[in-house]
Every structure is written in C-alpha cells, then in structure tokens.
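Both complexes below contain subunit A, partnered by subunit B and then by subunit C.
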Partner chain A sequence: MLQEESDLSLIIAQIVQKLKGSSLYAQLERQAWASLQRPEIKLESLKEDIKEFFKISGWEKKLQNAVYSELSVFPLPSHPAAPPEHLKEPLVYMRKAQGSWEKRILKSLNSMCTELSIPLARKRPVGEQKELLNKWNEMGTDEPDLSLFRPVYAPKDFLEVLINLRNPNYENGDSLSFRTHLGLIQVPLKVKDIPELKECFVELGLNTGQLGIDDSTQVPPELFENEHVRIGQKVLAEQDSAAAQQYIRQGSPTALRAELWALILNISSQPEDILYYEQLKTNVIQHDLLVDSLIYKDVKLTASNDDYYFVFEDYLYQVLLCFSRDTSVLSHFAYNSASPPKSYIRGKLGLEEYAVFYPPNGVIPFHGFSMYVAPLCFLYHEPSKLYQIFREMYVRFFFRLHSISSHPSGIVSLCLLFETLLQTYLPQLFYHLREIGAQPLRISFKWMVRAFSGYLATDQLLLLWDRILGYNSLEILAVLAAAVFAFRAVNLMEVTSLAAAEAVLADLSTLKVMPLLQIFLFATVT
Partner chain B sequence: MRLCGWAPGRTGGWRPEQRLRLFALRGIMSRVSVPCHVKGTVALQVGDVRTSHGRPGVLVIDVTFPSVAPFELQEITFKNYYTAFLSIRVRQHTSMHTPAKWVTCLRDYCLMPDPHSEEGAQEYVSLFKHQMLCDMARVLELRLILRQPSPLWLSFTVEELQVYQQGPKSPSMTFPKWLSHPGPCEQPVPLLEGLPDPSRVSSEVQQMWALTEMIRASHTSARIGRFDVSDRFPLLGLYCPERVRPDGLLCCRWMAVMT
Partner chain C sequence: MAGKVKWVTDIEKSVLINNFEKRGWVQVTENEDWNFYWMSVQTIRNVFSVETGYRLSDDQIVNHFPNHYELTRKDLMVKNIKRYRKELEKEGSPLAEKDENGKYLYLDFVPVTYMLPADYNLFVEEFRKSPSSTWIMKPCGKAQGKGIFLINKLSQIKKWSRDSKTSSYKLGFCRFCTVKYTPSTSELDNMFVHLTNVAIQKHGEDYNHIHGGKWTVSNLRLYLESTRGREVTSKLFDEIHWIIVQSLKAVAPLSLQPVMNNDKHCFECYGYDIIIDDKLKPWLIEVNASPSLTSSTANDRILKYNLINDTLNIAVPNGEIPDCKWNKSPPKEVLGNYEILYDEELAQGDGADRELRSRSGQSLGPKAGRSRDSGRTVLTTWK
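Here is the complex of A and B:
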C-alpha cells in the first residue's frame, strides 16, 4: 500500500512539473485571478469556489485533457536507481544495437556530405530567402537537381538490422530446436496471442457496431450510424479527451474526424502555436539544411507518385521542412530508444559546449518518411494545425516504427507479433512460404513501417489510424498484416517464389480493413 | 509566478499544527546504505556439474555485513538479469544464547511474469521491509535464492545489489528566522461586524505563501519558448490582509503579482 501511494504521488509530482510551464497553467492562473471578482467566490471557501468555477466554465475539462495526454504519452516514473538510458530502453543489447545502427546512418550521411561537398547547414543569401518566401505555397514547382542525392536508408536496410538482432544471453544454437524462432526475428519478446488480443480489442468484436462495416450502403443507417454520429457530436461538445479516445475505437465519422483527432491528441490552436509555426517557417527561410534535400527527394519519390497524395505535395514540404527544425521534438528522446545525432561546430570536435543536434529535431528522414504526413493532409488544411497534429502523432506513435526497442508497440515487437500470429493460426501457409524462401515478414515489413500509408485506400487507412489513436498502440498494424495474409492465403499457397508472393500481395488498395480485422480476431476457427 | 513586495509582518502566533504541516512538506525520510559483502553465486544442481548437460536453474547468493552491527533492514535494491523468481532468507540476531536460525522473509517473488520472454528481465527492483514476511529488526546475514526455470537463458543473476537501513529524519531546508521564532502570542482583538475572522484569513494566506515558496523552489521542466511570458501578461494586483491593528481594523495591503 505504501509503495502504491508513493508511486502515485511520484506520478502526480511528475505531471505537475511537466504542466507547470505550459500555457495552460498560465491561462488557469489568469482565470483564477479573474474569477476572484465574481460574487459567488467567497474568501472562506476560496479553494472550493474556484474549483467549482473551473468545473462550470470548462477549464477543469481542459486540465483533465492535459493530464490524460501526459499519462498517455510519457512512461511512468521508473525506479530511482535506474539511469536515463534505462527509461529509453531497458534491455542493454537493444540499446547497443540501436547505437550501432545510428552510427551507420550517420556514416552514410557524412559520406554523402563529403562526396557531394555540400555543407550540413548554410545560411541562405538574402536573394534566395526572398525567392523562397514568395514560393512558399508552391514549393512543389521547384525542380532542383536531386539526382546525386540518395535516401540515407530504406526500410529493407532496417529489416536486415532487425534480423541480425541477437540477445547474447539467449540460447541461439545453430541446430533447430524448440528454441529457434522459425521467422526472421530471433529475440524472445513477449507478444500477445489471439485470446489476449480479443480482450484488448474488445470493441472490434462481432457484436459491436463499427464504422467501416456497419455504415456500408446495405445497412440502414438507423441501426448504428445515426446514433454513432450523434454520440460523436456529444463527445465533441463535452471536449473530453478520454471519452473521445474510447469513442473512436468504433471508428470516427468523416465529418468529425479532424476535430476528434485534435481532441484526443490535445491539440488546440492557440495563437502561441501559430506563432511557433511561423517562427519555424522563418528558420527554414533563413537556413538551408542538407536534410532538406533528403526531404525533397523523398517527397518526389514517394508522395508525388502516389495517386491519392500528389495533390498535397506543397503541404508536405511546408510541414516536413519545419519539422526538421523543431527542437521541441528533442524532448521525446527521453522515452525513445534512439538518440539524436550530435554534431560539433567546426574546429571544436569533442567539446560539449559546441555540440549541436543535427538536424535540429534529431530525426533523420528515411525513404518513405513523408508518407506519415500525407494522409493527414486530407483532414487538416491549415498548415500550422496540420503541423501540430503530425508532430504529436510522430512523438506518440510513428517514432516507434523506426527505432530498435523492446516496447510492445515498437517495430521489433510488431514484427514478432505478426510472425507469431501467422505461425500459430496459419501454420501451413507459414511453412509453405518459408520453404519457397519467401519469409512473410519480408513482404509485410514495409507495410508496418509506414503504418500502411500508401498501401491502403485513404478512407480505409484513416479508419485504421482511428483505432491506433483509440487503443494508443500500434499492435493493430501487425494484426492487420496477418489478416491480409489470411485473406489471400489460398492464392499464396499456390506461389512458388518470393517474387510471385510479392505480386499476390502487391495491391492492397481494394481491401476493407475492418472486416479483415474482425474476421481474423473474432471469426476464425482456431 | 513571482510575488514581489510581500513582507509578511507579524500575523499572530502560528499554531503548532501549522508548523508541523510545513515541516512535513520539507522533511524527508532518508535511508543509509549498508556496506555489504556479496559472496560468489553457488549453483544448486543435482548430479555432477561437469557431466550433466542442463544448466542450473537455482542459484544462491550469500550477503554478509562484516563491519556492521545487526541492523534494521529498510530496503533492498538491485538490477535484475534474467532471474524469474526470488526468495530471500534472513538470519537475525537473537538476544538469548540460541544459535540464529534462517527464516524465509520473501517467498518466490516474481520478477519475470513469463520466464521465457524478456519482460522484466533487466529491470531495477526495490523490495521494502513491509513486503517481507517477517520482522527485519536485527539482520545478520541474507541469502538470496534465485530461480530461473526456463532453459532458454545462458545465465541469470542479480546485479548492483544494495541494502539500506533507516537513516535519521532530517529537514531539507532551513526556515526563515521569523517562522522558527514566532513572536509572543497576541490576544485576538474583538471583531468588527462584517469582517472575516482575521486568524482564519491569515492562516489561509500562510498556506498560500507556503505553496508559492514550494513552487518557487522547484523548477519546471517545460521550456519557456522564444517568447518571454512576462512581457505579455499584465501586472495583476492582489489586495491582501496583512495584520489586525490594535484598534481592531484589518490592515490590507496591495501586493503586485507578475505572472
């Protein structure tokens, strides 16, 4: 009991400390002072009266949302003896693997830099600044010569690193035994099986209405859809983050989705946020980073070639260029197993006072990075709001998809979950694919790393991302990958090579996500 | 938030329970590390260690305290390394001339919920005396029995073992002089009609002051950002009661508050 109480007070102290410097705190204070003039606030019961005032005026709700947001994002305070690296990643061998992967990326970036003799950062001359400012809303029309640039790494390079991940304390015998994993991932992380997933994703069950299934044209809207929209409007009126997160597990109506996501992520466009975005824009105009060219290249290679997203090319530049200069993103490295690359001012190598993070936000974009932003462009048209939503989604979810960690939503656990589900529930398919040299993870890895962006149709993708927000976890990506394999199992049993298997699974744009998930979790006979 | 221009005058005697409340805000329970000698691990295995193929699943670690008298154990902390279950036995000092016996104080404490997977495998753990099955009053020696039933791991142990006893309670901050030496208790003056009770008001104001002291002492981890907030918010005034005059009138004073 004593331990739980002291744990709780530690969590409370941590949250209070985090919220103290925020603008919400200043606003609450001002409201409290302003409320002193109201007649119902009496000096004898000052504390209770102000609390009552906050409850009625909706400020308590805002505070609740902020606290809920902190609880969802930041990990619980750890043991006092644990060093900060332990909070990033508890397993030592994974930290080492992440460290050596980062070294490789940096080496690749540095060698590209020296080959092309381009500085990592430079100040733009005034003429160029003016030109960029004029062209800010149509940067897509720019056609710089990017032929010499290449992406720093692609998902398949990252997959090779994960395949070679080994725990030195684990029995990795050469001969096949009950200890060997038949899939590509060889680390024994704890993953859920279908009964546990059923419990976790109980709102996706057969008896609960879903958007994506129960709103199709054959189903009369009175049965589910109308009521669900009505409840959604009520949730938005109440402005309650926790209720919105629970509501969105059954899907979000298209008209309400933008506001619901903003409510769950606790994003409200304050004037300070718009000013912050403008400040980042000024940074982009004044300085040119090498990373900008990588972003340009990535957008041109991926989003511009996509039928659904090419129209948003300009938005993507506006968001991603500002993102790479946003130092507030550095705070997420406290719970991310990755560390931001450090660079030293010329001539001062090794001196900590002259160390800077490069890029300023510590995130080096890889091939396909812009696809994290592209689906959000359907929901938000104002650049500063789009930017805030993307940044929050990145520091809550997307960073886990490209760093080595033992977190249940980390990419290693997702890969292992996918392989375990396939092995357990489709053993014949798994064995067949393995025999022909087409390990299933080689095909599904790229889907999971991009959170299926660019592979599914956009309305289906947004329904999937509704559930990611609702359950605050990425495990649904692995379940969907296994469900896709289950759906196309008959065709896959007939293929005889990896290329043929990839061809069967090349086009996912006709798939309906929610029926696949529901059948795989709740309707498959095991 | 900063309070400026606040000069608390004599606001009547501090009641004893208020001083204690502030004291509790500052005082911390400290613990003192006990130097211990951790003997090498001994594997318990059936049969000959050399010829049997399996790895031992039970290890025993003895912890002695050579230079310390029998003490009261407060806390044990360590870093786990793939141990699934932990039992602890303790040998305590007995006053009579009977030999000290081994008593189990922790039985099969689970460190890894699934011994075959990595969950909890490298976590930092603290065990407190209230979790123990017996009284830990005069500890002489400890014996940690580690179990790892899964054959998947090559080795298992616990690292960075620290044992703590209770330290003396100490306040972490010194109080300003006027707080620790309050003036003689003044007789409360009869109230005028309509005014709030001055001792109640002063006690509430005292609490607010203590809270602002706490807030000022602790730092926030959030960034201020580019814009200095003090330029943007106006100066707010707070009309605060300061003291009660001898003729019974409540004296108030304007305090400037910058947010």
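Here is the complex of A and C:
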C-alpha cells in the first residue's frame, strides 16, 4: 500500500514538474489572477472559489487533458534509483544493438557527405533565401538534382539488424521443440496471444458497433451511425481527451476526425504554436541541411507517386523540413531507446561544448519516412496545425517503428507478435511459406514500419489510425498484418516462391480493415 | 430463340473488346446483322443522317443518341440550357427563381459564355467590367483540347479564327496541371498550365505515369469531408448531380419540340467536365460524347473497364439480344457503380425525384479543380 502511494506521489510530482514549464501553467496563473475581479470569488474561500471557477470555465478540463496527455506519453517511473537509460530502454542488449545501428546510420550519412562534398549544414546566401521564401508553397515544382543522393537506409536494412538481435542471457538450446519459434525474430519478448488481445481490444468485438463496418451503405444509419456521430459531437463539445480516446475505439466519423485527433493528442493551435512554426520556417529559409535533400528525395520517391497523396507534395516539404529543425523533438529521446546523433563543429571533434545534434531534431529520415505525414494531409490543411499533429504523432507512436527496444509497441515486439500469431493460429500457412523461402515477416515488415501508410486505401488507413490513438498502442498493426495473411491464406498456400507470395500480397488497397480485424480476433476458432 | 449478341465497333480499345468477349458475344461486321454497335461519333452521324442513314430494328442498340451534339457541343449546350431556363421561367416554375441581382438561384451553373463573333460586343463589355480576368477561347466542335488558348487582353483575340467561342472562369485551375498555375502573362502561352486534358498533359515534362495527375472523386470527398465537414461536401456533390440532371432535362423531350430524339435504340455514356471553384460551387464546362477510353494509368484501365462493364449491364440487360420494346428500370444489382439520379417514370408518377448519391471514380482535383465526372444516364428509364 505504501509503495503504491509513494509511486503515485512520485508520478504526480513528475507531472507537476513537467507542466510547470508549459504555457498552460502560465495561462492558468493568468486566469487565476484575473478571476479575482469576479464577484463570486471571496477572500475567505479563495482556493475553493478559484477551483470552482476553473471547473465552470473549462480550464479544469484543459488541465485534465494535459495531465492525461502526460500519462499517455511518458512511461511510468520505475525504481527511483533507476538511471535515465532505463527509461529509454531497460534491456542492455537492446540498448547496445540500437547504439551500433545508430553508428552505422551516421557512418552512412557522413560518407555520403564526404563523397558528395556537401556540408551537413550551410547558411543560405540572401538571394537563395528570398527565392525559397517565394516558392514556399510550391516546393514540389522544384526539380533539384537528387540523383546522387540515396536514402540513408531502407526498412529492409533495418529488418536485417532485427533478425540478428540476440539476448546473450537466453539459451535456446540446439534441439528444436514445439516451442521453437520458426520466425525471423529470435528474442524472447512477451507478446499477447489472441485471448489477451480480445480483452485488450474488447471494443472491436462482434457485439459492438464499429465505423468501418456498421456504417456501410447496406446498414441503415439509425442502427448505429447516427447515434455514434451524436456522441462524437458531444465528446467534442465537452473537450475531454480521455473520453475522446475511449470514443474513437469504435472509429471516428469523417467530419469529426480532425478535431478528435487534435483533442486526443492535446493539440490546440495557440498563437505561440503558430509563432513557433513560423520560427522553424525561418530556420529552413536561412539554413540548408543535408537531410533536406534526403527529405526531397524521399518525397519524390514515395508520396509523389502515390495515387492518394501526390496532391499534398508541397505540404510534405513544409512539414518535414521544419520538423528537421525542431529541437523540441529532442525531449522525446528521454523515453526513446534511440539517441540523437552528435556532430561537432569543424575542428572541435570530441569537445562537448562544440557538440551539436544533427539534424537539430535528432531524427534522420529513412526511405518512406514522408509517408507518416501524408495521410494527415487529408485532415489538416493548415500547415502549422498539420505540423503540430504530425510532431505529436511522431513522438508518441511513429518513433517506435524504427528504433530497437523492448517496448510492447516497439517494432521488435510487433514483429514477434505478428510471427507468433501466425505460427500459433495459422501454423500450416506459416510452415508452408517458410518452406518455400518466403518468411512472412519479410513481406509484412514494410507494412508495419510505415503503419500501413501507402498500402491501404486512405479511408481505411484513417480508421486503423483511429484505433492506434484509441488504444494508445501500435499492436494493432501486427494484428492487422496477421489478419491480412489469414485473409489471403488460400492463395498463399498455392504459391511456390517468395516472389509469388509478394505478388499475392502486393495490393492491399481493396482491403477493409475493420472486418478483417474483427474476424481474426473474434470470429476465428482458437 | 436466345442467340448470342452480335457486336460491332469501330473503336479498337481493349476496355471495350474485353468486356464484349467476357460476355461471350460474337463479333460481326457492320454489314452483317448486328445487335450492338459501339460507334464513334463520326459513325453515328452517318447512321442517322437523312441521306445515308437507316432505320434501326427492334433488336439493335447503339451507344449514342442521334443528336447528342445538342448536349456535347459547347455552343448548343449553352443555348439549350439558356432556352430551358427561359421555358421554366415562362411556366412559372420554382426552379427558375432568381435572386435580387437577377441571377438564377438554382440554375446558374454554366459560366459566362459568349459566342464569337456573334456576341463580340457583349463580350467586350463584360471583359471590360473585370479586366484582370482570364478567358478560355475554345473552338466549337474540336475535342481533346486542340485549338484552345487563353487570353487576358482584348488584342489577343486576333489569334482566333471565326466561329470560336469563349467561356470565362475567374478562378485558378488547381495545381494538378503539372506546372504550377501562375496568373502572370508570360505563362499564358504555356498550354500545359491550364489544361488538364490528359491528351495534352502527357507531353508535359512533369507528367507522372503512375497517377497521371488524377485524383479520384472518392479521395476528394474524403478530403472535403475531413477538412470542411459533411454538410458542405454533401452540398457540393448534390449540386453536381443537380447540374447533370438539369442539363439532361434541358435537352430531353419534355417540351413540345423535343430537342434530342429519345430513340429507344440508344443509350449514351457522357463525360461531364466540371470545375469546382474556391467557394465549392461546381460549374459545368462541357459534356463529352466520347469520353476517352484510352487508359493512361493502371488504375485508369481498371476504372474504365468497370465503367463499360456496368454500362453494358444496364444497356443490354441480362446480356440478351436487346428488345427495344422492353422498358423496365434496371434492377438494383445490375447498376454496379452507377446510381440512378433521376427516374422520369417515377418523377411523373408520384412527383418525386429519386436522387440518390452517386459514386464514381474519375480524375479530379481539390480547390478550383477540374473534374471528369463520368456522367451517366440510364436512358432506358426515360419515356
């Protein structure tokens, strides 16, 4: 009992500490001072009266949302004596693997830099600055020569690293048994099985209405859709983050989605946020970074060729170029197993005072990175809002998809969850694919790393991301990947090569996500 | 005795031929006994011309109306719609209501258009009222964007030949023209900027072969609903359907002088070009009688194949030899991606329009975008 209490007070203390520095705190203070003018605030009962005022005016709700946001993002503190690395990643071997992977990436970046004789960063001459400012809204029409640039790494490179992960404390033994894991991932992390997933995703059950299923044209809207929309509007009126998160587990109506996501992520476009974005834009104008070319290349290779997202090309530059320069992103490395790459001012190698993070936000983009932003363009057409939403999505979810960690939503766990689900519930299929040299993970990895962006139709993707927000977890990506294999199992059983298996699974654009998930979790005999 | 449907075509396109073959229909030549002829616009003129034409028998269907040009020629379309509006006004119909500025409330969907040289003086007057706007000069009867050019100075009119026609738009095209639209005069000569006809776009340097600069209607709908809300989006699409229905009514044989022969042997698939301005109001630019059946991307091919498939299911029900005396509404299962916008029988019967939402996927763009909406008419329901 005592332990729980002290845990709770520790958490409270940490959250208070965090919020004290936020603009919300300043606003609450201002509001409290201003409220003294009000007649209902009496000196004798000052504290209660101000609290009451906050409740009525909606400020308490804002505070609640902020606290909720902190709880969702920051992991609970473990032992008070635990060093900060443990918050990033408790397992040593994972930390080591992440460290060497980072070294490789940085080496690749540096060698590209030297090869092409391009500095990592340079100040733009005034003429170039003016030009860029003029075409800020149409950078997509630019055709810089990107032929010499190549992405720093692609998902399949990352997969190879994960395949080679080993826990030095784990002795597998040489003999194969029924417990041997047949997949590519060979680390013993705990993953959920279907009964546990059913408990976890209870709102996706057969008896609960879902958007993505119960709003199809054959179903009369009075049965579910109308009421669900009404509740959604109510949730938005109340401006309650926690309620929104619960609500969105059943899917979000298209018209309410932008606001609901903003509410859940606790994003409200304050003037200072818009100013901050403008400041980032100024940084982009003034300095050119090598990663900018990587971003350009990535957008040109991926989003520009996508049926759904090519129209948003300009937005993608406006978001990603600013993102690279946003040092506030560095704070997420406190709970990310990755660390930002360090670079040194020329001639001062090794001197910590001259160390800078490169890029300024510490995130080196890889092939397909821009696809994290693309679907959001369907929801937000105002660049600073789009930016805020993307940044929050990144520091809450997306970073886990390309860093090595033991977190249940980390990519390693997702891969293991996927393989385990397949091996346990579709053993014949798994075995067959393995025999023909088509390890399922080799096909599904790219889906999960991109959170299915670019593979599903946009409306389906948004329904999927609704659930990521609703459950504050990425596990649903692994479940969906397994469900897709289950759905195409008959065709897959007939293929005899990796290439043929890839072909069967090449086009996911016609899939309906929610029925697949529901059938896999709730309607398959286990 | 139920034989196989015999088909002829003078358009060698795989999306057509594959559809015929999958139904097990038999290809014949024009001179033989045929049931189904998918003909180009030139051929239909011959079939129905006074000198060389011939009567179609009850088991023959063609894919154009004899005087479809009343709708598909820009000048005639404008003329017919203007006439239709005046008729409604004369009848005192509520549809022809005007606002305090004299603009039609419900029937103002054709941008200001002048026929030159006949309306030259009126055009000049209008031009001078807003001298900074740009006008499209489009020659009549020329398809696929050939011969079109733009002007923003009266002196540029010297370029055009006789009988060309202008229509105005005071809006920008959306950026799907792969070169960014700029109002600067130097760009006016750049044809690629303004025309989204794929026929011209294909030769621009930035043309992308994967998506062809096209965005589907469903994507547009998702985007608009997400960013502007459901009411605004539904209103836009309702207005687009309204335009389609009204334009067809304008040429339909409702009045005493029927403009378009309602020949029971005919069906037609029209391509509607609609521009959406920045206030989300749709404007009808033109209607095409021969929407391109050439596929520029893989998605395009699938889309057009399905379109022809659905069309044939409706026009030639059950894949049987057509009988023009048969006149029932197509059952719901057969419609595919078509939805009935207007059923005249029902309309005249119980006075209610059956206007359902329609779905189709064709090229489109957000904000002042150019849309190729596959206009569909289930003409077998017209009396």
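Basically, the second predicted complex is superposed on the first by the 518 of 526 C-alpha atoms of A that agree within 3 Å, B and C clash if a C-alpha of one lies under 4 Å from a C-alpha of the other, contacts with A are read in each partner's own complex, and residues count from 1 in each chain.
Assume a residue touches a chain if its C-beta (ideal position, glycine included) is under 8 Å from a C-beta of that chain, and two chains touch if they have at least 3 such contacts.
In this text the structure is predicted, and so the values were computed from the model without any measurement.
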| item | value |
| --- | --- |
| Overlay on subunit A: subunit C relative to subunit B, clash or fit | fit |
| Subunit B versus subunit C as contact partner of A:Gly21, first or second or both or neither | first |
| Touched partner set for A:Tyr308, first subunit B, second subunit C, both or neither | second |
| Contacts of A:Pro188 with subunit B and subunit C, given as first, second, both or neither | first |
| Residue contacts with subunit A in the superposition, subunit B compared against subunit C | B |
| Which of subunit B and subunit C A:Tyr335 touches, first, second, both or neither | neither |
| First, second, both or neither for A:Trp447, with subunit B first and subunit C second | neither |
| Closest Cα approach, subunit C to subunit B, once both complexes are overlaid on chain A (Å) | 30 |
| Contacts on subunit A seen with subunit B and repeated with subunit C across the two complexes | none |
| In the complex with subunit A, residue positions of subunit B that touch it | 1, 77, 79, 81-82, 113-114, 116-119, 121-126, 128, 130-131, 151-156, 160, 162, 196, 200-201, 204, 215, 218-227, 229, 233, 236, 238, 257, 259 |
| Parts of subunit C lying in touch with subunit A, wherever the complex brings them together | 175-176, 179-180, 206, 208, 210-211, 213, 215-216, 218-219, 222-223, 225-227, 229-230, 299, 365-366 |
| Subunit A residues within the subunit B interface of the complex | 2-3, 17-22, 26, 29-30, 33, 43-44, 46, 78-79, 81-82, 86, 90-92, 167-171, 179, 187-190, 272, 275-276, 279, 328, 406 |
| Subunit A - residues contacting subunit C, complex | 138, 141, 253-255, 257-258, 304-308, 310-311, 378-381, 458-459 |
